[in-house]
Structures are given as structure tokens and as C-alpha cells.
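Chains here go by letter, A, B, C and D, matching the order in which they are written, and residues are numbered from 1 within each.
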């Protein structure tokens, strides 16, 4: 039987539908979520009604906080940020109230909420419409952070996120929305904290997330004659499958981390640091990071391209650790 | 208003003040590590508002939470244990005064960020609206907090969605503008009455003396009813005078502050109309003192958490 | 109002629309990489307000910035070059439409975050207040933005400090509530008129038709005067109809939209009172078209930045 | 001549006075900055008047943004956050508008503003009153990040910050306010990006900031017989004196990073990652981090202590890399 192929956005849409059908406490709100122009949430209002699917005012602080409260009182809200960048106006509600209420309450309350957000650069949208920010969510304790890189994972991870009793930040890359891939029709889950071994290899381990996974695969293809590249996609950066990373580096002895977020104090630094601490004895070479340098993202497409990780930069880093 | 209600209000206020006096004593003895804003002088607000709330209703509070939590009916023992950072506290000693959460009584919760609880309260109200269970939520905040972006956003959102929510602003700067006791050099409020902002959100609003629990009871009743009936939010403002300093075990404020003291105020009225006699008063005070003593004994006798428990509760286990 | 002023207003509106039509053409030809909100239908607001501003005054704008920037007197060439991501743009191609800054004309600046520029404009006003130079600042924002916490906070702060600031809200949802063109399911505004919020901040406010530049000119003049005289901020609301779609080079809106079209509107009046003749109209349009053509030639003929320039300007050099 | 000894808070106060006297465009505002109870800003209102020293409402978004605007138009505002935690309600103004306006404008505007903030744990104040957050400021491009560990640096770094034409986040540790040390009376600057070699040693390099520096010195004292510890205080984490760190590790071959911020994607990860990339060949042992684990800070003092870096944990890490 041929596998069904749908897009990343369609997979996300389907996860919503199946979970909202299964569980009447799942609700959805955010700016323009009832608009037919928005692929990930299209048709949900028509299907589940305006009580459960609501357009909000442009007030991220109040509606994210409302999600936290509703989650504490038994609903399972999916709250959408049009772009993750807009979450900066609401960081107290995200990083304190959403992420820490469970801990601060000593477990007395829980916050089963999903904060969905588009992210990512490459669309020439400028400094306030291009960021990744997931390293900030990972830095602050209390929330899980999910970065699906393909349609299959997008659906399975979102279903896991909705079922999870913890706050989850679910990050959808803007440029992956139309990417196609095989996705089962029935509901399924992809577990958190289990890395996906995208490609086996023996010379060098490359850890990459989101849109970077595809770029790494292209780079690895181009280097076939020079290096056997193992590609790991952690899928969730909190929780992180440290074991898979350490095992892979144990085998290859070399590590490159490819990350779209800013380099300084970013996820790429974290992976480096973990390996420098726990995998040092297996390391044969310096650990390289290919991340966005510490520069705001410019509007001009050529300038933007200059900053973002790409196939060439990834290939160069792989060659460097092999040298 | 019937006698019983009046006495209930009186007792609720006495309980809060007795409890805070107990805290003052423990603090001076070095037995209570928490620092927090005292509610002394404001008791009428929490007592008058919460008299209309059931267990299934919620309140959201601030850095000055004791009155809100106690009036909502939380356990004095577990509250004091939490303030003493004990394992038997509501939150195993992790919350302290700024983040106390008690889902059982609907005290959800104190908040260390000015205005931080207000959007969350909209979520409690939304849950009631969606579950259609007739519940309401109350959001307490100060006049300083009333300016915070998230608070103003939530006023708008609650009105747009007609949430079953009552906004209660306790204005401690009714004459001189103060912040945390400091007389500020520039005003923090561009208007005299916070309730003047109600019409900016298309909701009813009004301002009242926060030392008159009978009036508070009336207006809060109306606002809670309105919310329960699905007619949307109300913004109530109560002017309060924060009574500073250690009361040294006295329940009523000193001479100077008596005029603002809600307990003194109600006592005079109830003595005059015969609801209260010195004997009943004595009895109430004794009972509340005993309850607070019991809470103190419970808290001080409770075990500390084990250091390793610091690592628990980051995530829901098994999830 | 004198003839000269009327013609100046007319020309300013024609310039904005001609410029945006030029952008539309470039976009359809794939020569302009920027995506941004068009100001078509709203020109009267920027034209009427900025007619009262000097170079040393500032405006803060939004994701729909073209009209605000042009009316404030910025260079069409450098603006178009910026939109085309060229090195000769105001910001060397780094800003694009959402972050354009032109300190020379006081266009400071567009902003990609809804409400993001509003607190900054309070800073421009504060600088005038402290320097006592009689300058004022104008903050443009939409009705959607009016709910943002930072916007509401700034209304309060500006009033508390009596900053020389005029808040200009362009309400594009005067009848049906829309966000980015989508008809929203729940209202985003709990009141009908944004200016009803003015009294909540103790400042004067009023609402007006945004397609009547003569009225806008009058009320904005009053607000700017008030600010310059140190009497504090004002909140003005203008109802606008965003005219969608490609005008295919036409200056006036199509039949359906004519009633909301500020250019059509003023033109009829000026033809009637003799200020404008078809010949003068023709001349103005030709001149503005020529200016836009010149800007297009400049922008398209300008060099792209070198890739390596991406790394410049993170910090002020030598600092 | 005996050196004058004053506290960290007094040093900060003096830097304000000297800079406000020197430059009339320097202004100060924030919550209760005119209060006589606040040591760092005490007396400034009386000295410079209520025009230049202003109490604000509790609206961090609006008053930080106001600082950005005033800086763009020629003033040099010092904007105070009572605690850095409260900055979470204003992250768009800090991370986008303050930090990126210079870049986004292609250099057309500059933002010479200092955002002063108290930070740090150890006071049993709970999850919303104890954080460090500087790793977030370091992660996002466009602002300098300063962490004085002693009174001398506090004064000199603050004067540098006020004179700097860029936005600077100046972080004052809550528990250092009463720490005393020698501080010259006349104005002086301490340059950004130049690490302080607090102690020379040959066996292991410890990089530490803020209150951690003192703890590391105590630990190093205790280990005198076991290890010769070199202690480096970068003083500014943006810009970071990478060279000093790499040179030191080049000499010792061992690195421990001690950081009060959360471990994951924190400053400690960044230092590890830099050394794993650029100093790998000199490394003789795994790189250890001693940071706050990824757990919100609890109210209970014993629980809080359990999480924070302390002398014992630092000593253990040093012993580990020496083993």
C-alpha cells in the first residue's frame, strides 16, 4: 500500500483535528486562528465551533496567560503565536507563569498547554520576523521544546505535545510548511527525548534540528566520497536525548552541531558543552558549531544568506573536523 | 444583611489579621524566612469579595497575598507551613509567599510578578465559560499593577469574551501616590480613580472605600452575580490604607489608623446594631487566635523538605 | 485654511499613493523583495498630522509605514532603495519596510512588532521635554495595536509625565472587526471608539473620519499645539478604510471605495472651491509620478550591499 | 596612602554621580529610583533634580522603550530594573528595540543606554525573584553584558557603560551590594572585553563571573595543596575576552566554568563550546560546568542551596578535572 504523502502544515492540521475529536478539553486560540488563510489551523473553527477555536486580540501577554490559567483548571489549550518573535512581548507569562507554575506550586497544579509558534529565517523578513529563540526556551527550566523537521514528526510530536501534562513549546519552521512526506492517517505519537537517527555514518556525527536537518543531509550527500556522516535529529531539545548524541560521538569521535539559532549561549553551545564534558575521551577533534552568528537578521536577502547556516558552511565544518 | 453574614465577614477579617500578626511574631523571632507584603488594613476587600465565592471559583493574587488566600478559605496550617518553607506547606516549601497555589480552595495563586496573575485568572474564567459550570474568577491587583500591560490587555480580553471575571483593584495610593511605601516623585497614575478605566473596556466599574466591608460585600455581590449570569466582567476599585508596622498582637489598628481600620469600623457598627457583643467578639478572637496558634504549632513542628526534593516537580512525572 | 496648505495636503496624499502604486508595480515585476502593509486609503491621516511637524519632531510607525514616513518628509529615493534592499537605502538594506529609520527627517521608525514603536516615541518626547526644545513626537498605531500592553502603558506614562506626544490611532475596523484582512470571530475591541480610552488616561481624545484630511489637519493641529505648549499628550482616533488590491497605476480608488478615498474626497472639495483645477491636478500628479519614477530609477540602479556587510553595525564601531 | 574602601553599592552610586556631573545628557529613571532606601541611587534625585532622576510607574515595557527612544535622540539614559526578573515583561523592548535598533537602522541611529538590573539567587526569594538571565542577553545580539564582581570593577565598568555608544546591560548581584573593596575616588574606566586574572595558577583554569568569583577564590584557597588554580573573571560576557580564556587553558590544559545562570544553553555552555572548538588541542581533561541546574529556584533556603553553585561543588569539579 502506498504511503500517504501530505505537507508539514497538513500534518499539523490533522494532529489538531484528531486530538480535538478525541478530547473535548482541547481548545485553540491565537491571532487569526480561524482564518482560512492559515494552513495549520484551517477548517478547525468550522469543525469544532467558535467556542473551542477563537481569534484573540493582539495581546500575547493576556492570551498566553489565559492559556496557562485554563490549563491549570482542566482544559488543554493550544495557544498559537503567529511568529515566535511576537512572544517577546509575553516572556513573563511564558518563562515564569507557564513554565514554572508546576514547580513553584510543588506539583499542586499542572499546566498541560501547548504553545505553538512559527519560527525561522530565510524569508528576508528582517530582524523581528526571523528568529529562532528556542535556545531561550531551553535555557529556562520547566517547558519542553519541540522542533519537528518533517511532516511525520510534526504530526506525531504534536499529538504527544497535546497529551503531555507539561507545557510544551512546539516550534514550526516557516520554510517547512509546504514540505511533503509520508504521514499515516491514523493518530500516532512520536516520543519526546528520543533522537531520530536520520543517517548512519562512522566518521563524524552531525546534530541538527528543524530546517537544518535537510541542509545537513544535502551536505552529507555532497561529501559521500570524503566522509561517512552520521546525522542525528534530536527532535526535542528539552528533553534532549544525550545518550544518542554521546553514543554516536563515541562511535565517530567527531562532532559538528548545526543550529539555526544564534551561536552564543545557544543550543549548539549546549550540545558542544555536553560532549566536552561527558564525551571528551572519545573526541578526536575540535567540536565545531555551525549556527547563526551573533548578528541580528538583516532584511536584504544576500546579507541574510551570509549569516544563515547553509550546505557549504556545513560541508566546510565537516571537512574541518575530518582534517 | 443578616446577622450571620455580618459575623462571617467580621470573623474573616479577624482571622486574616490574627494570622498576619502571628507571622510578624514569627518573623521577629527568626522562625519565618518569608518576606512579603502584609495585608493589614485591607482585610475588608478580600473578606467582602470572597464571601460570594464558592470553592470551585478562583482568585488570583499578588505579592500581598495572605488576605486573599485566607478569605478564599485556604487552610491556615498549610499556608503557614508554606511561609515557613516546610514540606507540609501547600507547595512543599517551593512557593513561599509569592507563589502560593492552593487548587483545593481555588486560591490560584499569589504572584511575584506585578500583574502576573491577572492573565491567568482570565484562563480560570475561560475554563468556567467553556465548561458552563457557573463558576467565576476574581483577580486582585494593586493600583501600581493596574498600569501593567498584561493587566490592561486582560481587561480588554475579558470584556471582548464576556468572561465570568471580577477585577478587584486595591488602590493604596488614594491620596498620595506611593510605591512600596516610598512617596513617588512623579505620579504613576494619570487618573484619580482606577474605576474610570472601566468604561475604556466597556465594562461597569465603581470605586468604594476599602475599609467598609458592608459596602464591599454589596458591590462585590452584584459583580459576582453579573459574572455568574454570563454578563461579563466588572472592575471594582477599593481605596485602602496599608497599616504599617508591627501591631504587637493587637487586632485593631492604633488610634491614628482607626479610621481606616476595617475591623475597628465593622466592630463599631456591629456593636451598635447589636450583632456583636463584647463577649461574642472575645469568643471570635479567641477562636481565631487558637486557630492561628494551631497553625503555628503545625508549621513549626513540620519537617523541612529533603534537599534532594529540589529536583522534583520540574515536570509532571511519568509524562 | 489657505490654498497653499490645502494643496500641500493634496500633494502629500498623492505622493504617498503614487509611491505605493510604484511599489505594487515593482513587486509584481519581482523587483522589490519587501512585503509590508500598504497605506492606501489612509493617506489623509499621515498627511494631515505631519503637516504640523518639523524636521526635529519625530514620528514612530508600524508595519504599514510608507505613508507615515513619506508624509514626514523622508527621501523617496532612499526609502525605495531601502525597500529594494539596496546599499543606498536609509538603512543599507538592513531594515526593509518593517524597521526603516530616518533620523534626518525624524521618521523613527517603522516597527515589525505591533505596538513596538510606541514606547520609543515616548522617549523622543522625553528628549524634547528635557532639552526644552519645543519639539513633539507622534505615535501612529492601529486599533489592533491599541490593545497591546506596551501601548496602553505608554498612554499612562505619557500622561503622568505630560510628555509632548500625540497618539494617533488609525482604526481600520470601524464597523466590522478585522485583523490583517480576516474578519475575526471574536471582537478584539471591547469598545466602539478607541478615543473612549483617552479619559482612562486623563488626556483629551476624539474620533474622526480618516478620509477627511481637512478635519484631520484641524484636530491634529490642536493636539500638536497642546503638546508643544507643554500641556501633555492627546489621543486621536481616525477611522480608516484600507483599500485593498492593486490600483493598477490609478490614483483614485475604484467606484466602490471612492467614498472612503481621501484623495478623491479632497479633490472634489478643492475642485468645488476652486483651489484645484484639472490642470493643477494633472501637474501635481505628473510631478509626483516623476519623483517616484526617479526614486525607482535610483533604487534599481543602486548597488546591493556586499555580503560581508552583514557583519557591520552590530555595535557602534570604535566604542 | 591608604586606599579608600567602599561598598559595591556605593561604588555604583559614585559612578552615577560622577557621570551625571560630567555629562548633562545622562538621566536616570526606574521604579523608586528616588527612594532613599535604594543604596545604588540614593541621593541622586536631591543632587540632580527631579527632571533628570525620575520614578516611573510599574510599566517596564513603556519605560525601557522610552529609554531606547531617548537614547536615539541624544540623551544617555540609565534605566533601572528593580530586579532583572521583572525585565521579562519587557523583552521585546530589550531584545528587539534596544539591542537591534542600531543594526536594523544600518547604523543610522545609535542607542547609548544602560539598563541596570539587580540579579541573582541566594536570598530565598523564589522563582521569580532570583534569576540571572544574562545568558539570554548574551544570546541575543546587539547589547553588551557586564557582570561586575567587586566594587572596583563596579565603578569602572559602569562609567565605561555610560560612556559606551551601545546598549549595555549592567548586572549587579543582589548579594554583593555590601561587599567592600578599594575604589579610587576619581573617575576611571575599566575596559570591556578584558578579563581580570584574579589568581594565577598552572593546573586548571576556572572562569567565573559575579558572585561566583568569590566562591571560586574560596574553593581555590581550600585546594591550595592539591591544585594550582588560575581564576579568570571575564567581567563582561559580551564582549568576551576569548583570548584570555584560550591562553589560560593553553597553559593549564584544564577548564572549569562556574556560572550562576541555568546550565542549559547558558554562559557556561558557551565558554565550554568556545574551548572545545578553539582550544581543543590543549585540553587534557573534560570541561566541567558548575552552574545552576535546569530547575526553577525554590523558596525554601535549603532547596535553593541545593541548586546553587557553592564552594564544595566548585572544589569537586576542580578535583574532577585534576583526576
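The rule is short, and it goes like this: contacts are C-beta pairs under 8 Å (C-beta built on N, C-alpha and C of every residue); 3 or more make two chains touch, one makes a residue touch a chain.
Predicted model only: the values in this text are computed from it and were never measured.
Matching A-B against the pairs in C-D, A-C or B-D identifies C-D as its interface repeat (over half of contact pairs the same by residue number). Interface comparison, A-B versus B-D: the higher count of C-beta contacts falls to A-B. Distance from chain D peaks, on a Cα-centroid basis, for C. Rounded to whole angstrom, the centroid-to-centroid distance between chain C and chain D, based on C-alpha atoms, equals 40 Å.
One finds 37 Å separating the Cα centroids of chain A and chain C. Among the residues of chain B, those touching two or more other chains are numbered 92-95, 99, 111-113, 116, 147-150, 153, 156-157, 160-161, 186, 188-189, 314. Residue positions of chain D touching 2 or more other chains, listed in rising order: 54, 56-57, 59, 61-62, 85, 88-89, 92, 96, 103-104, 126-128, 141-142, 294-296, 298. In terms of which chains touch, the assembly is arranged so that all chains touch all other chains. The touching residues of chain D, counted against chain C in their complex, run 27, 51-52, 54, 56-57, 59, 61-75, 77, 89-90, 92-93, 96-97, 101-110, 141-142, 144, 164-166.
Chain C contributes residues 33-35, 85, 92-99, 111-116, 144-145, 147-150, 179-180, 182, 184-186, 188-189, 304-305, 307-311, 314 to its touches with chain A in the complex.
By the touch criterion given at the top, residues 58, 60, 89-95, 99, 101-103, 108-109, 111-113, 116-128, 130-131, 137, 149-150, 153-154, 156-157, 160-161, 312-316, 319 of chain C touch chain D in their complex. If you check the complex, the residues on chain A that touch chain D are 61, 85, 88-89, 91-92, 95-96, 99-100, 103-104, 126-128, 135-136, 138-142, 238, 261-262, 264-270, 272-273, 275-278, 280-281, 283, 285-289, 294-296, 298. Chain contact summary for the complex, chain A toward chain C: residues 31-32, 34-35, 37, 45, 50, 53-59, 61-62, 85-86, 88-89, 124-129, 293-296, 298-307.
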